[in-house]
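First comes the structure, then the notes that go with it.
Order of writing sets the labels: A, B, C, D and E. Residues in every chain begin at 1.
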Amino acid sequence: MIDIVLKITLVLLAIAMLGLTYRLVKGPTTPDRVIALDAMGVNLVSIAAILSILLNTSNFLDIILLIGILAFIGTVAFAKFLEKGEIIEYDRDQ
Amino acid sequence: MEILMCIVAGLLFAAAVYLMLSKSLLRIIVGTGLLSHGTHLMLLTMGGLKTGAAPVLGENTASYTDPIPQALILTAIVISFGVTAVFLVIAYRAYQELGTDNMDQLKGTEADD
Amino acid sequence: MKTNDVIFQTIAKVVFFMIIFFAVHLFFAGHYHPGGGFVGGLLTSGAIVLLMLAFDMKTIKKGFLIDFKWLISLGLLFSAGTAAGSLIFNVPFFTHAYDYFQLPLFGKTSLHTAMLFDLGVYLVVIGVTMTIIQTIGESE
Amino acid sequence: MSLLHWAILAPFIMAACVPFVRKKATAIHTGWFVLILPLVLFVSFLQYLPVTMKNDSIMQTADWIPSLGINFTAYVDGLSLLFVLLITGIGALVVLYSIYYLSKTKESLQHFYVYLLMFMGAMLGVVLSDNVITLYMFWELTSISSFLLIAYWFDRDRSRYGALKSMLITVFGGLMMLGGFLVLSIMGNTFSIRELAAQAPELNNHPLFLLAMILILFGAFTKSAQFPFYIWLPDAMEAPTPVSAYLHSATMVKAGIYLVARFSPIFAFSGYWFWIVGTVGLFTMVWASFNAVKQTDLKGILAFSTVSQLGLIMSLLGAGSAALHFDSLDDNLYTAAVIAAVFHLINHATFKGSLFMVTGIIDHETGTRDIRRLGGLMSLMPITFTLSVIGAFSMAGLPPFNGFLSKEMFLLSMVQLAELDLFNLETWGLLFPVLAWIGSVFTFIYSMIIVFRVFGGKFQPEKLEKKPHEAPFGMLISPIVLASLVILFGLFPNLLSYSLIQPAAASIVPSIIPNGGQLDVHISFWHGFTTEFMMTIGVVIIGIILYKFLPKWIGMYDYFPGKVTLNNLYNASLYTAERGSHSLTKSYMTGFIRSYLVYIFAFFITILGFTIWVKGAFRFDSSNTASIGFYEVGLVIVLLIATATILIAKSRLTSIISLGAVGYSVSLFFIIFRAPDLALTQLVIETVSTALFLLCFYHLPKLSRHEEKRRFQIGNAVIAAGVGLIVALIGISAHSTKLFPSINEYYIKNTYTKAGGENMVNVILVDFRGFDTLFEIAVLSVAALGIYGLIKLRLEKGGEQNENE
Amino acid sequence: MINLPVLPILIPLIAAIVLLFVSKSILAQRVVSVIASASTVVSAMILMAKVKSDGIQTVDMGSWPAPFGITLVSDMLSILLVLTASIITLCVVLYSFRSIGNGRERFYYYPIVQFLLLGVNGSFTTGDIFNLFVFFEIMLMSSYVLIVIGGTKIQLRESIKYILVNVISSAIFVIAVGFLYSVTGSLNMAHISARISEISTEPIITVLAVLFLIIFGLKGAIFPLYFWLPGSYAAPPAPILALFGSLLTKVGIYAILRTYTLFFYHDQPFTHDLMSLLALLTIVAGVIGALAYRDVKQILIYNIVIAVGVLLFGIATMTEESIAGTVFYLIHDMIIKAALFLLGGMIIYIAGTSNLTKMGGLIRQYPALGWTFLLASFGLAGIPPLSGFSGKLLIVRSGFSEGEYVGAIVVLLSSLAVLYSVVNLFMEAFWKTPETPLPDVKKRTGSLFIPAASLVLLSVLYGVGTEAVYPYVMQAVQTLIHPEIYIDAVLKE
């Protein structure tokens, strides 16, 4: 039973991925794309988690955490890029 | 699944080749990125897919997937990361020095050697 | 344009340590669970990059005091040294040794020279990523 | 190493000493020092005469590369001894002559003598070697030393041109000859000429026989300047005159003759040999003598005359091969041709050597060699005049000089050929005497030109740079010696008969000489009103008439198309080779990386496609494949859409983000395919790479897509599709042909027990295959250092100045 | 010392690490580089003596038995090549002192050269197909950096092409390893060889053979995969070019030689004939290129292509004799190419240009350079007794005996083209009267000349002393002709 539910969820997530990909491609603005990318990160976390349950393994837990961290850094970086047009400043006092 | 992945890898290769044949340096480098993705997927496929649990001992399972391609891919990923980084920086410097990222203008002739 | 990044900077400091801990965890877990020197190293650099995002390159450089290129050499020395250690015992190059020890605090732990090797990998990866990012960052 | 070996090496050792002598003893002309060597060698080789006169030989072997069968084997028989004496004898005279010819203050004598000694050693090596490989080595060395000597005055364009030309042609022949030697060695399984000759009958029936023969003849014909390879010889006249006298008339060009003579025992039985050697030689003789007449440069005439005379000797050797078809020596007319060849070889060296030296004297004293500016020197330079008369008349075949005798013998041999009923000679035989006679007529004419245009006629001092007078005595010694030999051999030919000629001829046709037997070599001055004598008279009469009316018919040379000469062919082919390859190279080395990639991928597709098709290598086996889930298909679609987005993306940001999306999808696949370590690494790496992309391309122009022609796009698409198809096909086939169990079982079993870990992938990385990882981080380190250097180090100067500090 | 085969790889690695630590001082870098290179040479010599007396030396990395771990295999072929590569590197390092410039020296030139040597030596030694890829990568990565170090315009421009081509070939290499793994289930070369010989008729093996030919052909610059080479090699300065010209393409050739004698010898009518055809086309292409340019670098670079063709023809003929010739010629070509590029570098340095039409008359001021160059040219063309001869002799002879008449003659005539191109170069640079008179002051070239001339001397000795080298080469050939020797040594059966 739970298997079927999980698999359906996976399919739904895959559809969500498709939608997000559409947004990523279409844009039209960069913030749209960044948000799509961030959401994809959340999606990835979900997929990894569900797969962990399906495969009955704890090996993917690290991945989930990692995706979380990366998505965070990525979003922050993009946010900064959008705001300042630069990701890493050399010396911000100048 | 393996057949499907072979096709996917083939498509990635095709896309990569198409990009590498274009004029824009950026597209070329993106092409190399795609190429390495295709390579890794193909390598993984060659070990057989989903034939068992993840290759980590300790879980009760009868079989594991082939760890060798995974280890090889890991090495390959890291190496292609290094290459991509160098390539990118060279492209960046080339753009700085030569003022273009159009490969047609980067052809160079004996005259200016 | 000077912007106020206080919240971001404060969070970054905290998250930095969280990521570092996770990275160290991944590194140590490597032999038994997914992870290892590569991911650990990359994630550590990720943490440093987060700091760079929040602050700036110069501050970070001052804060870290070490030249990342030196870190590369050190890492290579660790890895190559571990591998070459076997030369002293006249066993084939790269032969690792390990044993289980009863350590206080950790309990029964295996000490493995492969860990030392992986430490080298970890250091090199940090050194490499940071050198690349720093160099490119500075050139702008 | 025996004395014989040291004799060959002595010139090289001497050559090494020359620069020191030149430096230390500046007061004395270096030539005096050098002169010792050929004299000593000449005298010491004379001691072998008794041996060879008995048709015996001496062989000394020193190991060089015995494993490959290459040994330094020195071998003295009649033929080699004859050549050795020529080389050292003429060598001594030439060195003596050069002492007066080359100023010790103005010229770089050390170079001259080093080259000359190198040549002498190389030539000795050629004629004394038994091993074909050693022979080839010395052969090439003669080409090289000739190259250096021709380019002695390397400032002159003509010198360099001539040097290169001679080297290209002779080395070409040398290489072909090497090929022939190798084929021979395959047939006979040895590199030794003697051993090969011993197997001659078996070799004759070998399928490779003809190939070997033709390849070796290439060597002989190029070196001996036979048609059509003779063109290098006239240009070689840029060398100092002593060199021309030595290399380009007396010795080096005879190496080809030597080769033909040396290999006669192996090849001469074949009809091909007879025809090729005989006709090429004869044709060369006629053609060159015909061309000599129109030359205006004195050395040019001599060059063509040399070519012609070499052709004469060659044709005699060809004719002589007919002798092998007779079992006994009795009634064997054709040994006469061989004897004539050897005799003329000696004679040619004497009269042509003296003529060259005379030319050198004229050049030296008047400052020109152009016969249009010379004339009337008879009274000013009486000794020189006498010498040139002796030389030229001997060349023309007039009595009482040695040239007369050998020319008679030549005509006789050609007449006899017409009567031979071998090799289809019945039909074509008559051509031989006719051509020989025509050649002789022209020979007569140009010989007369040499004498009478220079010494007869009107003296034209206004056209000369210097005031001519007789040469210093030292310079005259050598030509006088040679001219005396011309007369001596003319009057007493039998001085040579059994000492030199018989042994040499016997080495050429050993198979028909019974053990202990000898060829009959009795050369008589007068032998009645024979056909050949009548022919000589005809030559003289017609020759005189034609010479008298030369101005009337010299114009006919203009009818020959000036552009279709072999020389122009050579020049044009070099030019075409250079220009043609330049434009060809330009056409494909476009500098566009796209073109190169197209070549590479096109090759990839065609050759692999061809292989798969021909070998029927495609396999499709879906029996042991994993199932496909719906969500997996979904992910595949995501991946492909992201990929497609890159292809059509207009902005760089889109393509970079899409690449990131592809990367994340790949890591998702890694999760699905149970590869947690991969997924972890891929995720982080993808993030870092994307960041790097953004960092690096921050400064790039917004619109980085350059519009491409539709034609290109379609072409690209086709190639891309082809590559993808091939990769997928091979992938599927490879997956469907899993023939062996993987070695991975070992890792699964031993990860915990032997390596003390649980995560197989990581244990493989740091332990089982840690060696890979060690160098993988090294790769990363190099990349980082490279990037650091790239950004920080900026040498402003162009690439070429990098050689400077 | 059971780890002897590791040393030629380990010493450069350690040296590189030490060099990274002392990167601040140029003097220290030079000293360490020389010491390290010299000790690599010494260790290679010791190893060679060992291989000579005891046969193939193997070390199982990490004590994991073959085929499960990575095994280093020093057979005679690999150690000969390792020794040659190490000697060349030593000479190039010495040459670099005065020619490469302080800028590059400060930016890790020396450690990267050591990494390059490490990659080359590793490629020659490893017995594992994936490890070969890793060593290729380290070699390539070093070459990427070396080709672009200094960052001049032309270097940047050409390095892009160079990297792109190599990225492609690396990618194909990885998937080819994957295919091979899928079919044979192993990565150890000896093991793969043993397994392939059981299934020799499988058509997929032929396909893989062609695939590997393409991969290594891209590195080794065979027709029609060599187009990237002339442009890219012309970019870096002479010492780097010498390393590239003498080592990198030869690694590709080595890999072809190794795989085609160890794995892919079962379908010779197809694979080797294909290779033979490509070899001849490569020669022709190289000749066309060498004749096309009036530029020191280009002429020498196209000579690389010609040599590659000759070597490939030797491999394609695939008899004991031709393989022996190939090994002889391979070593010769490495030495003489390095020497010629170094000498060519001196010519360019003295004349201030690499364009032949703009130089001339150097012989008066630099006679030693001129004659050494001419000697090296003759060596390159294979004039006996210089070094190129014995190899070419064997290759041509076996070509004739195998009935490949056209091929043998093409190889022979390629010598003529080689001779023409280099002698023409010599005449233009040294003999021709220059358009502008040369400056009176001689440039100091002693420290450049000595390493270059010692390579020429080595090449001459190699040629004259062929007999001394012969047993070594034949030992190498035995392993190549009889793969079971290799397999037994590695798998210890």
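Rule of thumb we're sticking to: contacts are C-beta pairs under 8 Å (C-beta built on N, C-alpha and C of every residue); 3 or more make two chains touch, one makes a residue touch a chain.
Computed from a predicted model, the values in this text were never measured in an experiment.
A.B. asks: In the touch network of chains, how many steps separate subunit A from subunit E on the shortest route?
C.D. replies: 2
A.B. asks: Between subunit B and subunit E, which partner chains are common?
C.D. replies: Expected: C, D.
A.B. asks: Comparing A-D against C-E, which pair counts more contacting C-beta pairs?
C.D. replies: Most C-beta pairs in contact, of the two: A-D.
A.B. asks: Where the centre means the average of the CA atoms, what chain is farthest from subunit D?
C.D. replies: Relative to subunit D, the chain with the farthest C-alpha centre is A.
A.B. asks: Which chain's mean C-alpha position is nearest the mean C-alpha position of the whole protein set?
C.D. replies: That would be chain E.
A.B. asks: So, comparing C-alpha centroids, which chain is the farthest one from subunit E?
C.D. replies: A
A.B. asks: Could you please state the distance in Å, as a whole number, between where the Cα atoms of subunit C are centred and where those of subunit D are centred?
C.D. replies: So the centroids are 63 Å from each other.
A.B. asks: Find the geometric centre of each of subunit A and subunit C from their Cα atoms only, then give the gap between the two centres in Å, rounded to an integer.
C.D. replies: Centre separation, subunit A to subunit C: 25 Å.
A.B. asks: Between subunit D and subunit E, what distance separates the C-alpha centroids? Give it in angstrom.
C.D. replies: The separation of the two C-alpha centroids amounts to 27 Å.
A.B. asks: State, to the nearest whole Å, the distance from the C-alpha centre of subunit B to the C-alpha centre of subunit D.
C.D. replies: Once rounded, the distance between the two centres reads 49 Å.
A.B. asks: Going by the contact rule already set, what residues in subunit E reach two or more other chains?
C.D. replies: Within subunit E, the residues that touch at least two other chains are 13, 16, 20, 61-62, 130, 134, 137, 141, 144-145, 148, 151-154, 160, 164, 168, 175, 178-179, 181-182, 187, 231, 293, 354.
A.B. asks: Would you pick out the residues of subunit D that each touch at least 2 other chains?
C.D. replies: Touching at least two other chains: 591, 593, 597, 672, 674, 676-677, 679-681, 684-685, 687-688, 691-692, 695-696, 698-699, 727, 731, 734-735, 738, 742-743, 747, 758-759, 761, 765, 767-774, 776-788, 790-792, 799-800.
A.B. asks: Enumerate the residues of subunit A that touch no fewer than two other chains.
C.D. replies: In subunit A, residues 55, 59-60, 62-63, 66, 70, 73, 77, 86-88 touch at least two other chains, as defined above.
A.B. asks: Please list each pair of chains that are touching.
C.D. replies: Pairs of chains that touch one another: A-B, A-C, A-D, B-C, B-D, B-E, C-D, C-E, D-E.
A.B. asks: Spell out the part of subunit C that touches subunit B in their complex, as residue ranges.
C.D. replies: The touching residues are 32-34, 38, 128, 132, 135-136.
A.B. asks: Please name which positions on subunit C make contact with subunit A in the complex.
C.D. replies: 1-3, 8, 15, 19, 22, 26, 29, 33-35, 39, 43, 46, 49-50, 52-53, 55-58, 133, 137-138, 140
A.B. asks: Flag every residue of subunit C that touches subunit D in the complex, lowest number first.
C.D. replies: Residue list for subunit C touching subunit D: 26, 29-39, 42-43, 45-46, 49, 69, 72, 75-76, 79-80, 83, 93-94, 96, 98, 110, 112, 114, 117-118, 120-121, 124-125, 127-129, 131-133, 135-140.
A.B. asks: Could you pull out which subunit A residues touch subunit C in their complex?
C.D. replies: 59-60, 62-63, 65-66, 69-70, 72-73, 76-77, 80, 83-84, 86-93
A.B. asks: Per the contact definition, I'd like the list of subunit D residues that touch subunit C in the complex.
C.D. replies: Contacts found on subunit D: 676-677, 679-681, 684-685, 687-688, 691-692, 695-696, 698-699, 755-759, 761-763, 765-767, 770-771, 773-774, 777-778, 780-781, 783-785, 787-788, 791-792.
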